[in-house]
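Each of the next two complexes has chain A plus one more chain, namely chain B in the first and chain C in the second.
Let's turn to the complex of A and B:
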C-alpha cells in the first residue's frame, strides 16, 4: 500500500540519546546544556531578527513622526488630526492589530505586516515628544537666533532641533522599548524574532529553560537599547553635562 | 563657541540617523532570506531547484508538524530550492486557510484530518488508502493536490492514566459511556467541533462528556493534575513511552486514518520541476512510525530544536 524505501530509513541517535540529556529529561528549571546547544541554532538567530525588526520599526517610525512633528511645528492646525489618528493607532490592542492586518492583500503572514503594526505604535510617542521638545525652546533663544541673522530654517536646524534633542531621544527610548516588547507578539504573524522561542516555550508543558532564556534576552535587549540611547543623547548634547 | 557646539550636535544627529538607517537596511537584507533557525545550513546554490520560484512551507502548531516542516524545508534547500518556513501557524482549519488564501504554498497534513476537519466528510473510511484517495479528490477540486503519504500514521486517540483505567474499568472508548456527563474530556478547542472529535464521539459512541478546552502543549499536565479524566492524545506522542498512560481502543474508528501527506498548490508540481515532488516523496517515504517517534522524543523529551533533529535525520539518510 505504502512504498517503503529499501531497508527503511537510517535513524540516527539524535545527539547521543538519553544520557546526553539528563537535565532536559528531568525537566530541571534551567539547563545550561540546553542553552549551549541551542544558542547557535535557536537563540542567536532569534535575537538578531528581533534587533532587525526593532531597528526597522523605530527608524521608519522616527522618520514619519519627525517629519509630521516638523510640519506641525510650523502649521499648528496639523497637530490635532495627527494626535487623534496616532492615539487611535496606539490604543488598538497589538494582538488585534496583527490579526486585523493579516487579511489585507499584500500583507499576510509577513515581516511587512509586523512592521506596519510596530511602526504604528511608535508614532504617537515620537510625534508628541518631538513636537513638545521643539515648542519648549524658549522664545528668547529663538529671538536671539533671529537677531544673529538666522533665517527660520537655519534657526530650526542649528538652534531649535539641537535643544529639542533630549525630548526627541526620550521619545525614541520609549518607542524602542515598546517595540522590543511588542515584537515578541509579532511572531504570531511573522515567524521570527524572540517571540518564536517564547511561543514554542509557552506551549511546552514542563520544560522552562527556553522561556527563561528567551525572556531574559528580550529584557536584556530592551535594557541595552535604552542604555545605548542614553549614551547617544549624552554625546549629542554635551552642554547638558557641562552644567 | 556655542555655535560650534550646535553644529557638532546637528552633525551628530545626522550621523546617528544615517548610521541607524544603514544598519537597518544592511541587516534586513542580509537576514531576510532566512526566517527560521537552522543549524549548519546546507542550502545549496546549485542543483535542480536553483532558479525555481521560491516556496513558502507552513506547519501547524505542534512538535510533529515542526519536525515535518523542517524536514521538507531542508531537503528541498539541499537540492537548491529557495524555501521559507512559516512555522507554528495554527490549527488545521487555520493552516488550510493560509494555503487556500496564498499565504503559504504547502503544509504537511494528516489525511484523515483533511477529510473530516476540512472536507467535512463524516463517513469513516475503511482504510488508509481510501482516506488518501478521498482526501486527494477533495483537495483537487480546490486547485490543490497531495503528494505521497508517509508510512507512519499519527491518529488522535483518547488517553487515560493507568490508575483511572483500573479504577473505572475502561479499556476502550465505549467503556467511557457509563461515566456520563461527569467525564471531563480535554482537547484543543477545535476538537469540540470536529467529527473526528467530540461530534463523532457523541454520534458513534453516545458519549456526553464535559469538554475542557486545552492548549496542545499542556494536555499531559492537565491529566496529571486531574483537570481532565481523558484527553485527545496523538499515537506518536513521546510522553506515551513513559508507561503512565493507556490509549483507549477505538472500535468504530472515529479517529480514522492519519498518515501525513503534504498538501500543496497543484501548480507547484509543474512550476518547480520534477525534482521538487521527488525530493518531498523521498523524505515522506523515510518517515516510519519508529523514525517519527524517535524524532518526536528528541524534540519533546530532549528539548532539541526541530530543525536540529530534522537535520540529523536527513544527514543520516543522505538528504541534507
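Let's turn to the complex of A and C:
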C-alpha cells in the first residue's frame, strides 16, 4: 500500500517536446537517446543515492555483526541466539519487512526505515562468516601465540583476526551484493536509489528503456563493488597466494 | 651488519642465564576428572641440560611441560625457574622468557619467516635494529639464508624448514629455558634424524635448559642428559641419565618401555674413542677398517657383518688407534665401563663446548 504513490512521476519523463523522440514514441526496447538525455537528471543521482544507501547499510551491518561475532567467539552460548534472530531477519521477505517497519514510530517512509531493513539482511551472512573465520584459525597457531606470551587481546588483533580476513571479506562481498540488489526494492520506502527509475518503468506498460538502464546500472554496481572487495582482500592478505 | 649487542652465540659462557628448573610436588587435577593427570611429580633440571619427558600417551608428559609456562594452571605444588616460583610471575611475561616449540610448529601463516621469528622480541619492545639483527643472526644459526628465507611465508617452506624456523622463533629472545613438545614428531624419519643432529649441535652452542617431550625412547636417549620416564597416570617411573636407565631400569615398566634391545641402545651412546681398544701389536691391520668416532653399536654391527673378524680402528689422522673384537665389546657390557653421560650427536665431537 505504501507503494507506487511515493514514486514520483509515473509517466516516463521524455523531457521537452518536439519531434526528436521517435524512438520513445515508437516504444522500442531500448532508446539510447533517452539514456543520454536522462543520465544527468535521473540515472546519475539515482546511482549515487544507491551507492550511499549500500555503503551505510554494509558499514553499519559490518560493525554490528563483527561485534557480535567477536563476542560469540569468546562466549559460545551467544552463537545460537544470534544465529536464530539473524536467520529470521534474513528470511523475512523484503517487501513484508518494509511494510512491517513503516508504521514503527520514528521510521515511516524514510531512509532510516530503508537502512534498518537493509542492515538486517547483512547480519546473518557477515556474522556467520566472521565467526567461522575466527574459529578456523588452527589450534596450534592460537597455542603458539599464547605460549609466546601474547595475551588474548593481542592474539586476537595480531593473529586471529588477520587470519580470518579472507572469510570476513567473503561475507562482506555477499552482503554487499545482496544490499545492492535489495536497495532497489527499498525505493518504495525512501524514494531514492536505482529503484526509483525501475519502479517508474514498471508502472509504464510500454516504455522499458528506463528499466533496462537502471537495472544494468544496479548489476554493474554490484560487479564493481565485488571486484573492489576482491582487490582489497588481495592487498590485505598477500600470504594467501604464497604456495 | 651482523655484529651486534646480541652476539651471544659464541659459547656456553655467553649464556650465564640458562636457568635451573625445579618441579616440587607438582599436582594437576582437571575439573570433573577423578584421577589427577599428574598426582605428585618432583624433578630437577640442571641449568644448560636437556631433560626429556618420555612415556606412553596418557602419562601426562605434555601436561607436565605445559605446567611450566602456565599454559595449564597448577593444582598444587610449585615450579621454580631460576629459583623463583613461576606462580609469582605474570603469565604472559613469564612465557616471553620461555622458548616454546610445539609439534605442529604453529608458525603464523600470515607473517613472513622474519616476522614470525621477531614475535617475542617485539612483545618485549626491542627496537627495530636490534630485532632485525637478531632475526638475521638466528636464521644463520639454523643454517638458512636470511635474505632468501626471511621474506617467505610459512606455506612456502618444507616441513623441516618450518620446524627449524619454529626453533629459531623460540630462541629469539634468548630465553633461559626452552619447552619443546614433540618438536620432530610430525617430520619424516630422514629429515627428523637430520633435525635431531642439528638440534644437538645447536644445543652445544646455546646451552639452554630444555624440557623436551617425546613418546619415542630412542629420541629420548639421543637428546637427553637426563630422561624422566612417566607411566600412565602421570607417575614418575625413573629419572636418570640414559646410560643408567639402560643399564639399571627401575622396574618392569621401564625395562619394557626402553625395549629388549636396551643393551644395544647403550652401545649406541658411546663411540670407540671411549673404549679401551686392544693394542695393535702382533696383528697386522686387516681389511676391515672403522673410524674412531663410530658408535660402539655401529662397530658391533660391522663386526657381525665381517663374520667376527677384528676391526682396525683409525683416528681422524688416519693413524691406527687399536683393534676392536667381539670379545672386547661383549666384555664392556658386563663390567659397566660404558657410562657415557653426554648425548652423542653422530656428528661426533662429544660434549666439548664449541669455542
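Just so it is clear, the second predicted complex is superposed on the first by the 225 of 243 C-alpha atoms of A that agree within 3 Å, B and C clash if a C-alpha of one lies under 4 Å from a C-alpha of the other, contacts with A are read in each partner's own complex, and residues count from 1 in each chain.
By definition in this document, a contact is a pair of C-beta atoms (placed from the backbone, for glycine too) under 8 Å apart; a residue touches a chain by one contact, two chains touch by 3 or more.
Quantities reported herein were computed from a predicted structural model and do not represent experimental measurements.
By the touch criterion defined above, A:143 lies against chain C but remains apart from chain B after alignment on the C-alpha atoms of chain A. Residue contacts after overlaying the shared chain place A:204 against chain B, while chain C stays out of touching range. Of the two partner chains, chain C is the only one that A:151 touches; chain B does not reach it.
Applying the stated contact rule after C-alpha superposition, one finds that A:162 touches each of chain B and chain C.
After overlaying the two complexes on the shared chain, residue contacts for A:49 are found with chain B alone; chain C is out of touch.
Set against each other, chain B and chain C touch different numbers of residues in chain A, with B touching more. In the superposition on chain A, contact of A:34 is made with chain B only, not with chain C.
Looking at the shared chain after the overlay, A:106 reaches neither chain B nor chain C. Comparing the two interfaces of chain A, the one with chain B and the one with chain C have residues 159, 162, 237-239 in common.
Listed in rising order, the residues of chain A touching chain C in the complex are 138-151, 154, 159, 162-163, 237-239, 242-243.
By the touch rule above, chain B contacts chain A in their complex via residues 3, 5-10, 12-13, 16-17, 20-21, 23-24, 27-28, 31-32, 34-39, 61-62, 66, 85-89, 98, 101-104, 127-129, 148-151, 215-221, 259, 282, 285-288, 290-291, 294-295, 297-298, 301-305, 307-309, 312-313, 315-317.
Taken together, the chain C residues at the contact with chain A in this complex read 69, 71, 91-96, 100, 102-111, 119-120, 123, 152-153, 155-156, 169, 179.
Interface of chain A with chain B (complex): residues 1-5, 8-12, 14-15, 18, 20-21, 24-25, 31, 34, 37-38, 40-42, 45-46, 48-49, 51-52, 55-56, 58-59, 62, 103, 108-109, 111, 157-159, 161-162, 165, 190-192, 196, 199-200, 202-207, 209-210, 232, 235-239.
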